[in-house]
Amino acid sequence: MPKATSAKKTILFLAATLAVYALVRFLETSEIINPYWQRVLDQALITTMGALGLSIIYGFTGQFSLGHAAFFGLGAYAAGVFDKTLGQGSLPMFVVSLLIGAAVAGLMALIIGLPILRLRSDYLGIATLGFGIIVKVGMDNSSKFMPVLGGATGMSGTPQLANFDWVFWFTFLVIILVRNFVFSSYGRACTSVREDEIAAEIMGINTTKVKVLAFVLGCALAGLAGGMYAHRYPFLHPSSFDFLKSFDFLLVVVLGGLGSMTGTIITAISWVFLLEGLRFVLGETFIDFRGVIYALILVVAIIMRPQGIFGGKEAGFLIPKPLGSLAGRKGGGNAGSAT
Amino acid sequence: MEHVVDQIINGLQLGFMYALIALGYTMVYGVVKLINFAHGDVFMVGAFVGYFGFSQWGLSFPVAVLTAMVVCAILGVVIERIAYRPLRYAPKIAALISALGVSLFLEYFSSLKFVFGPNYRVVQRPFEEVQWHLGSLIVTNIQVMVFVTVLIMLLILQFLIYRTKVGMAMRTVSVDHNAARLMGVNVDNTISMTFAIGSAFAAAGGVLYAIAYPQIHPFMGIMPGLKAFTAAVLGGIGIIPGAVLGAIIMGQVETMTSAFLSSQARDAIAFAILILVLLIRPTGILGRTEPDKV
Amino acid sequence: MPVLQLENIDKTFGGLKAVSGFNMAVEKGEIVGLIGPNGAGKTTVFNMISGIYKPSAGKVYFLDREITGQAPFQVCQQGIARTFQNVRLFKENTVLDNVRAIYHPRTGYGIFDAIFRTPRFIKNERSISEEAMELLEALGLQDRAGEKAMNLPYGAQRRLEIARALAGKPKLLLLDEPAAGMNPSEVARMVELIRYVKEKFDLTVLLIEHQMGMVMKLCERLVVMDFGQIIATGLPAEIRGNQLVLEAYLGKGATVA
C-alpha cells in the first residue's frame, strides 16, 4: 500500500492539530473545561516541552542528566525577571523573555556541559544532580545579590501572559523542532553516541561536540518551558525547581520509552493528568495518600514495563517520509524506528 | 585555633555518620550496580525506630539501636526483593527509577498520620550529653559514641568482607554474577545479605544522627542520603575504603563551610567540590578506571 | 609515498611494553596482513593508528601527514576507517542509519537547515540516503535497510560494519579480524567481498586476521608480530615456511610437515 505523500501527511497533521486546538479552545471558553483543569492542561503542555528537552539529552543522546529542573528554573527566573522589570506586559517582550529564558539556560548548559559531559553515565548523573542543588541554593539566596528575585520566599510579578493559545502553539513548535532535529543527521549522530560512543568517535563523529550540542539544546528547551511557566504561574518558588522536579522530567522520559518523542509527549501529558486526577479521586479525606499512591504507581509501572511504554517507537505522523530513491522501498532508516 | 579543632571534630562526627550511610550505597552498588536512592530513607526509618525504641517502648539505648538495625535490615531485604530484583537484568535506568519510587514511597508513607506523621519531632536523648574538656578542646560523649560505634562497625565489616565466605561471595558477585553462580555462589542470597548489612548500618547511622541532631521527620533522609551517596562516589563508588574516605571529606567540607563561610552555602559548596573532584578523577579518588576494550 | 607509515612505534602500559620498535609502511593499493598469536600487540597497533592510544614513542604518518596522537574522529575524517574485533554497531539504529550516521558532520547542511527543513537540507539528505543505499547494495544489505542492526545475523553485521566504514570515503581501511567466527565458506565469501570492495572503492587495506585461509588467499604481503615486535615480513609463501613464525604460533621446535 503506497504511503501517503509527504505533502498530504503534513496537511493532515496540521489539520489535526488545528482541530485539537479548536476543540480545546471551544471547551475552555464555554467553560466545559473549568479554569482548574485549564491550568492542569497548560501544566501538562509545559511539562511536555521540558521533558522533550530531556528526551534529546537522555533519550536520544544517552547523557544521564539529573539536574534538568535547574535549567527549567533558570529559564523561569530569567524570563520572569526580564518581563517583570522591562516588559510592561507587552506581547513582543513576552516572546523576547521566553527566548532569553532559553538562552540563559542554554548558556549555562554550555558552561557546565563542556567540562562535565566527558563523565561517564552514573557520574554525569550525580554531577548534574550536584549542579541542580547548587542552582537551587543559588535561588534560595538570590535575594542577596538581586533582591527582585525574591530568594527563598519566591518571586512574583511576572506578567501572566501565557494562556492556552501561547502554551499550545509553543508546544507544537517545540515538537516540530525536536522532531526535525531527531530525524536529521544531528539526530543520527546523537543516537550513535548513545549506542556506542567510542565506536562513533572512531568512525569520525566528534562526540564531544554532539554531546554538548544535545545538552545545550535540551537545556535551552527546558529554559523555554520554564519561561512559559513563569508567565502562567504568578508565583515562582525555588522549591518548584528542586531534585524532585528533575526526577519528574526523568521519569516521564524513561516511562515514555527512551528514544521516543511520542512516548515522552504522551507520558508527560498523562502523568500530569494522573497526578491531578488522583487529587480529585482521593478527595479531602484521603488526600494524604496522594504521594504514596504516586510512588506505588511509579514502581509498579517501571517493573511491569522497564523499557518504557513506547520504547524506541514513534507515532506515524512524526516520522518523515524517506527521501529520494528510498521512496517505495521497505524501511528506509529513521522511519520505522525512532533513531 | 580552638574553634578550628572543635569544628574538625564536629566534622568528623558528621563524616562518620555519613560513612555509615555511604557504606550501604557503595556495597549495594558493588553487587548490583544500582544507586539505591531509597537508602537515605532507610536511614530515616532507622532513626524513627530507634527513637520509638528508647522513648516509647522503654528499650535501653543499645537495644534500641539494635532493634532499628534489625528492622531496617529486614526492610532492605524486602525492598530489594520486591522493587529491585525483578529489574536486575533490565536496563539500569529502570532499577534507578524504581529506587526513586521506593524512596518517595517511604517518605510519603511515613508522613501518613497513622505511621510517623509529617511533623518534626524533637528527640529527648535517653542520656545526658557530657562534655569533656581536653585543654581548650570540647569533646562530647555523643561524639565519642559515634566514633567508637563506627570504628567497631568498620572493623566488623572488614572482617566480614575479607575473612568470611559471605564476604567472599559478596566480592565475587561484585565482579560477575554469572561467574559467581557457576562457582556455586547463591547470588540472590548474597545480594539480599548485602542489602541487609547496608541497611542495618544506615539504621545505626540514623539513630546516632537522631541523638546528635535531635530532630527527626519523614523527609530527614533526603539530604544526608544525597550527601552520603556523593561521598561514596567521591571516594570511588563500589570501593569500601572510598566510601569512608569520601564521607569524612564531605563531613569536613560541610562543617567547615558552615562554620567559617556560610551555612547557607554549605550544600552548594559540598556539591561543587564533588564536581571538581570528578573532573579531576572521573571515577572517584580511589576509583579505578576501566578502559574500554576496543 | 606510502599511504601509511609507522615509524619506531612503542607503546607501554604501566610496566608492560605492548609494542616496541614497530616499523611498517603500507603502499597504495596493497592488501597487507598483520598477523601473530593472541596478545602480540596487533590491535594495539590498530588503536594507535586510529588515535585511541597515543604511542609512547614514534610517529604515525598518513599520506605523508603526521597523525600521531590525533583524536580518533580527526584520524577518521582524514581518511582512515576501521572495523572492530567485536562488532560495534549502533545496535538500536537501523541498518541504513548506521551508515548514514557517518556522514555527520560533512552533510552539507547545518542545524538551522535541519530544523527548518530548508531546500539545502532536503537536497543533501536525499543524496546522503542515496549514497548510503548504494553502499548497502554493494554489500548485499539493501533489503534490510529498515531493520535494527542488532537483529541482523552475524555475517550481515560484519558486512554492515564494512559498509559503515566505507561511508566516510576512506582511503585506508583497517579490518580487525573480519572473518572471526566464520566457517570456511563464509570466509571464502568474505575474501571475495574484501577484494571487491577494495577494487570498487580504490582502497588500501590493512587487516588483522587469525584465519590462515583468508590471510594466505587475500594478503599480498604479511607482517608478523609476537610479543609486541615484528618478527618477520614478506610474501605469504615465504612466511609460511619461516621458522620464527612457526615457533611463535606453535611453540619452540615446531615444524610443519
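Lettered A, B and C in written order, each chain numbered from 1.
Rule of thumb we're sticking to: contacts are C-beta pairs under 8 Å (C-beta built on N, C-alpha and C of every residue); 3 or more make two chains touch, one makes a residue touch a chain.
Given the structure is predicted, the values throughout are model-derived calculations rather than measurements.
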- Item | Chain nearest the overall Cα centroid | A
- Task: Name the chain whose C-alpha centroid is farthest from the C-alpha centroid of subunit B.
- Result: C
- Sort out for me whether A-C or A-B is joined by the greater number of C-beta contact pairs. A-C
- Centre-of-Cα separation between subunit C and subunit B, whole angstrom: 48
- Task: Averaging only over C-alpha atoms, locate the centres of subunit A and subunit B and give their separation in whole Å.
- Result: 33
- Task: Take the average of all CA coordinates in subunit A, do the same for subunit C, and state the distance between these two points in whole angstrom.
- Result: 41
- Query: subunit B: which residues touch two or more other chains?
  - Reply: 294
- Note on the structure: Note: subunit C residues in touch with at least two other chains are 50, 52, 84
- Message: Can you list every residue of subunit A that touches 2 or more other chains, as numbers and ranges?
- Response: 198, 202
- Note on the structure: Given the complex, residues on subunit A that touch subunit C span 177, 180-181, 184-186, 188-189, 191-192, 194-196, 198-207, 209-210, 213, 259, 312, 322-326, 329-337, 339
- Which subunit A residues qualify as touching subunit B in the complex? 64, 115-116, 118-120, 122-123, 125-127, 129-131, 133-134, 137-138, 140-141, 198, 202, 243, 247, 250-251, 254-255, 258, 288-292, 294-296, 298-299, 302-303, 306-307
- Message: Which residues of subunit B touch subunit A once you look at their complex with the stated criterion?
- Response: 35, 83, 86-87, 90-91, 93-94, 97-98, 100-102, 104-105, 107-109, 111-113, 226, 229-230, 233, 237, 264-265, 267-268, 271-272, 274-275, 278-279, 282-283, 292, 294
- subunit C to subunit B touching residues, read off their complex: 43, 47, 50, 52, 84-85
- Across the complex, what residues on subunit B touch subunit C? 294
